[in-house]
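Labels A, B, C and D are assigned to the chains in the order they are written; within every chain, residues are numbered from 1.
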Amino acid sequence: MLHVSDGDTIITTTVDAWGFDHRREQVTPRGNPQTGPFYVEGAEPGDTLVVELDEIRPNRRYGFCGSSVAPNVVDPEYVRELPQADIAEWDVDAGTATLAGPESKLGQLVSPIDPMIGCFGVAAKRGQAISTATSAEHGGNMDYRGFVRGTTVYFPVFEPGSLFFLGDGHAVQGDGEIVGSGIEISMDVQVTLRVLKDKAIGWPRAENDDWIMAVGNARPLDQATQHATTEMLRWLEQDYGLDSLGANLLLAQCVRYDLGNIFDPAYTMVCKVNKQWLPG
Amino acid sequence: MLHVSDGDTIITTTVDAWGFDHRREQVTPRGNPQTGPFYVEGAEPGDTLVVELDEIRPNRRYGFCGSSVAPNVVDPEYVRELPQADIAEWDVDAGTATLAGPESKLGQLVSPIDPMIGCFGVAAKRGQAISTATSAEHGGNMDYRGFVRGTTVYFPVFEPGSLFFLGDGHAVQGDGEIVGSGIEISMDVQVTLRVLKDKAIGWPRAENDDWIMAVGNARPLDQATQHATTEMLRWLEQDYGLDSLGANLLLAQCVRYDLGNIFDPAYTMVCKVNKQWLPG
Amino acid sequence: MLHVSDGDTIITTTVDAWGFDHRREQVTPRGNPQTGPFYVEGAEPGDTLVVELDEIRPNRRYGFCGSSVAPNVVDPEYVRELPQADIAEWDVDAGTATLAGPESKLGQLVSPIDPMIGCFGVAAKRGQAISTATSAEHGGNMDYRGFVRGTTVYFPVFEPGSLFFLGDGHAVQGDGEIVGSGIEISMDVQVTLRVLKDKAIGWPRAENDDWIMAVGNARPLDQATQHATTEMLRWLEQDYGLDSLGANLLLAQCVRYDLGNIFDPAYTMVCKVNKQWLPG
Amino acid sequence: MLHVSDGDTIITTTVDAWGFDHRREQVTPRGNPQTGPFYVEGAEPGDTLVVELDEIRPNRRYGFCGSSVAPNVVDPEYVRELPQADIAEWDVDAGTATLAGPESKLGQLVSPIDPMIGCFGVAAKRGQAISTATSAEHGGNMDYRGFVRGTTVYFPVFEPGSLFFLGDGHAVQGDGEIVGSGIEISMDVQVTLRVLKDKAIGWPRAENDDWIMAVGNARPLDQATQHATTEMLRWLEQDYGLDSLGANLLLAQCVRYDLGNIFDPAYTMVCKVNKQWLPG
């Protein structure tokens, strides 16, 4: 396990969700393999790990994704009407992803890319070893398309060193990851890790230039929304000088929600507030 | 009941959710009273009613909203920590809403307004008379902040004349209507109604310059999401020339979701596709 | 509408869920048609209607039910494996129901009957007219196999006269009504109706010789369970002399739950306490 | 780790959920500590572990449980009305449990005991280490009051030796474990372990003299019910010679459900069929 210091920047790569690297060679078994873990010196339970996503850039041209909406995302009676096709393949360059197959009446689709990290976080609570298929308070497979370059993410630390990991890069992803995948691809990544001592949070938090975001991971969506909203209320009270009433009044008409994923064992909802509304 | 013709434009007003008009005089009992119903000549079961939202404009300065996030939107253990305060009051002018009370550490909050219609639709399925507290296939209390001026909304017709109604205006509303209300206010409204003959849809649909939107109304959020997603797949196949595989591939990485409300008896999720991705 | 007096006994019949009577002649459209409504003299909003189920007896031999578990009751990925068959037919005599088809490796199944009423209740809240496909505070399509002869059921009264109705008889039904039906059959029924003045309850309640039961109707099951449990706590405090702590301690290790149905638009959960545990 | 042979009987003890033994001395930290794991020789992934619950008997007099229904089990608006009291204490003898406190209007409650195991199972899927607070395909904290002496339980084996564990004994428990605990107590237990080679199952199964039972563990209850029902359909087809149609027809009117728990991170629903209905 690599040990890094508080403030270190890590430049590394991630393989795709099936374990294939930038040469499309399988270097590890499939099942959402991750890069890491990294032991961050000085991180202790009760601290917060700060992760700055400095760079996320596909390092090959081949991407793939599911070609059918997942059965749990459509009406139960509609499941039989879903197509049963193989994966879809994409050609990814520096700016765009082009659908290469399978053939359908959609023809060729060209989308700008917006590279993101599907899965990252720290060691789970209570000494658990949790599959990277799912997510919880420690992060994990959140599959939220907001986790792009320029975002700073905060994780509660449950184990000494925090044991940070990352992987599951997507060249682009829709809301909800409703086909069970983004455009899966290997990545060149750069992250900077810092430790906030004696700063305990309940769920992953994030911010970028415009927004602060609280993340809830659970099934069903209702519960993921409850976790995210509760964490945002706590955040506003703890760090922005609001009383309970003020935090509630702020969320009332300013809150925004993003649907991270509605596919993984735990779904992800993100509760957001634009920084223009924050006091001070 | 007022009868209107296919293509007619209606210029009218709506009272607020408690039945107060532009003079703040109560003219009807509270409980989300609506304007209408309007009998649209020629609309028959199996048709679609087209509603163009031409104008939605507050017609008084006084608005109000809840001051506490609803208990079902936070973690059950957190409910006891929610504030128990009266409603919040807002001063609304042509461009902004200013929080007038209660007092909190938030101080004065000034938000741009974005006037919307919280509740509108047609007579319900199966001859039912459904409360305007909730929503279903026929529309109703969807409380989606996307229903603003310039949006065209489609409702399935279940009764002769469709029996269109509208009300519950909000000067502005956050995602999810998590305090149980937007900034409730009376409105001047203008809508144009048209009938699409022999055009059956399953759930409300909408579009604006940039997006097509399918609306699912149900509890829990998972099911609302299933309805919206299924309706969008059907729409893409029926009206945009896609086969099932093509519709699924299009949604895969292009889909967006908006959380309409997570407060009413039926929640509302909106499945959206940007028009740049639509074939033809 | 037939008017009856407080204390009257009604001897009548119910058709099956598709509108067929004891001769297997269709006398009304399908869609869970009911017998009634009955206007009970003296019943006013804020009262409780007491319904004693004196007799429920199939009045023909032919019964039918679904032959496939409903798609919403199995894993979404399993839906494609469900059989797609017509209805199953049963021959019902005074004591048993015998599966007559379709043919399968199950062969002939002979079950004792346990006749019950799937749908009954009063006019809905807020002047609504709600489909008999679903249920709410006023009762309706609860499809709970505990509603058999000898049970006394309590409904909150929302309209003058209460407007009692009943129908949807099942010769026998499994927990959850997971094929979307019990053994549907027409019935001879006898009920006695009484009014409890100034007695307001929140949800249907019931009792038999051994149990008191509170009924919650909602989606999802979690919410139906919340309604039923909350109503039981209120019942124990209001009618059995318990304080809040005592009611909670009683439920702790003595509570039982029955799954009424997990098929209708609103699911039904029943929270039960055996009478041996009740104070006094 | 103790190694046992296929067919061995284990006579051991379990501490209570807080780590206290038969002398009420804390011998391990709280957090639902378990006895084991036991390495069962010959058990390999793809096999099934058979656990016969030969004996479950409290080995002290002191038991305790929660004194308030959990906030997630009542209506969100009702949470503030729940009592906030310490644990309840019980005096447990060979046949009964007597409520010793706190004081309430309930007075003294005396219940027969029905000792059960709240948590048991094998190592989790995919090499995970999962908290004993929750449950999944491998069993775990199912808190189902049907797991009493005389029950045979089947677990899918995911790791060599299966790594069986057990603990969290309850002198008696209500449906749903709605106060977050049964009457927690240390136990003398005896189990016999056998291996079914090349027998793969998806979820825990169980049987006693009268019933076969399939267990689903997930949130929300709807999904737990889907898992249990799907597993039961598979069981009926795999082991009882039924085709898909026959399995569906059998469940239609004969199925029963028990609510295991609605408190743990994963809820538990049990789908049951009485053995009188099984073919052959």
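The working rule: a contact is a pair of C-beta atoms (placed from the backbone, for glycine too) under 8 Å apart; a residue touches a chain by one contact, two chains touch by 3 or more.
Remember, it's a predicted structure, so these values are computed and weren't measured experimentally.
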*Considering only mean CA positions as chain centres, point out the chain farthest from subunit D.*
B
*Would you mind telling me which chain pair, B-D or C-D, is linked by more contacting C-beta pairs?*
C-D
*Please compute the C-alpha centroid of subunit C, do the same for subunit D, then give the distance between them in whole Å.*
30
*Quick one: subunit B and subunit D, Cα centre-to-centre, how many Å?*
45
_Contacts with two or more other chains, residues of subunit C listed in rising order_ = 72, 76, 220, 222
*Which residues of subunit D touch subunit C in the complex?*
65-69, 72-76, 78, 81-83, 85, 88, 97, 99, 102, 104-107, 109, 111, 172-176, 178-179, 182-183, 220-222, 225-227, 229-230, 233, 241-257, 259, 262, 277, 279
_subunit D partner contacts - residues on subunit B that touch it in the complex_ = 70-72, 76-77, 79-80, 220
_Could you list, by residue number, the parts of subunit B that touch subunit C in their complex?_
31, 125-131, 133, 218-220, 222-223
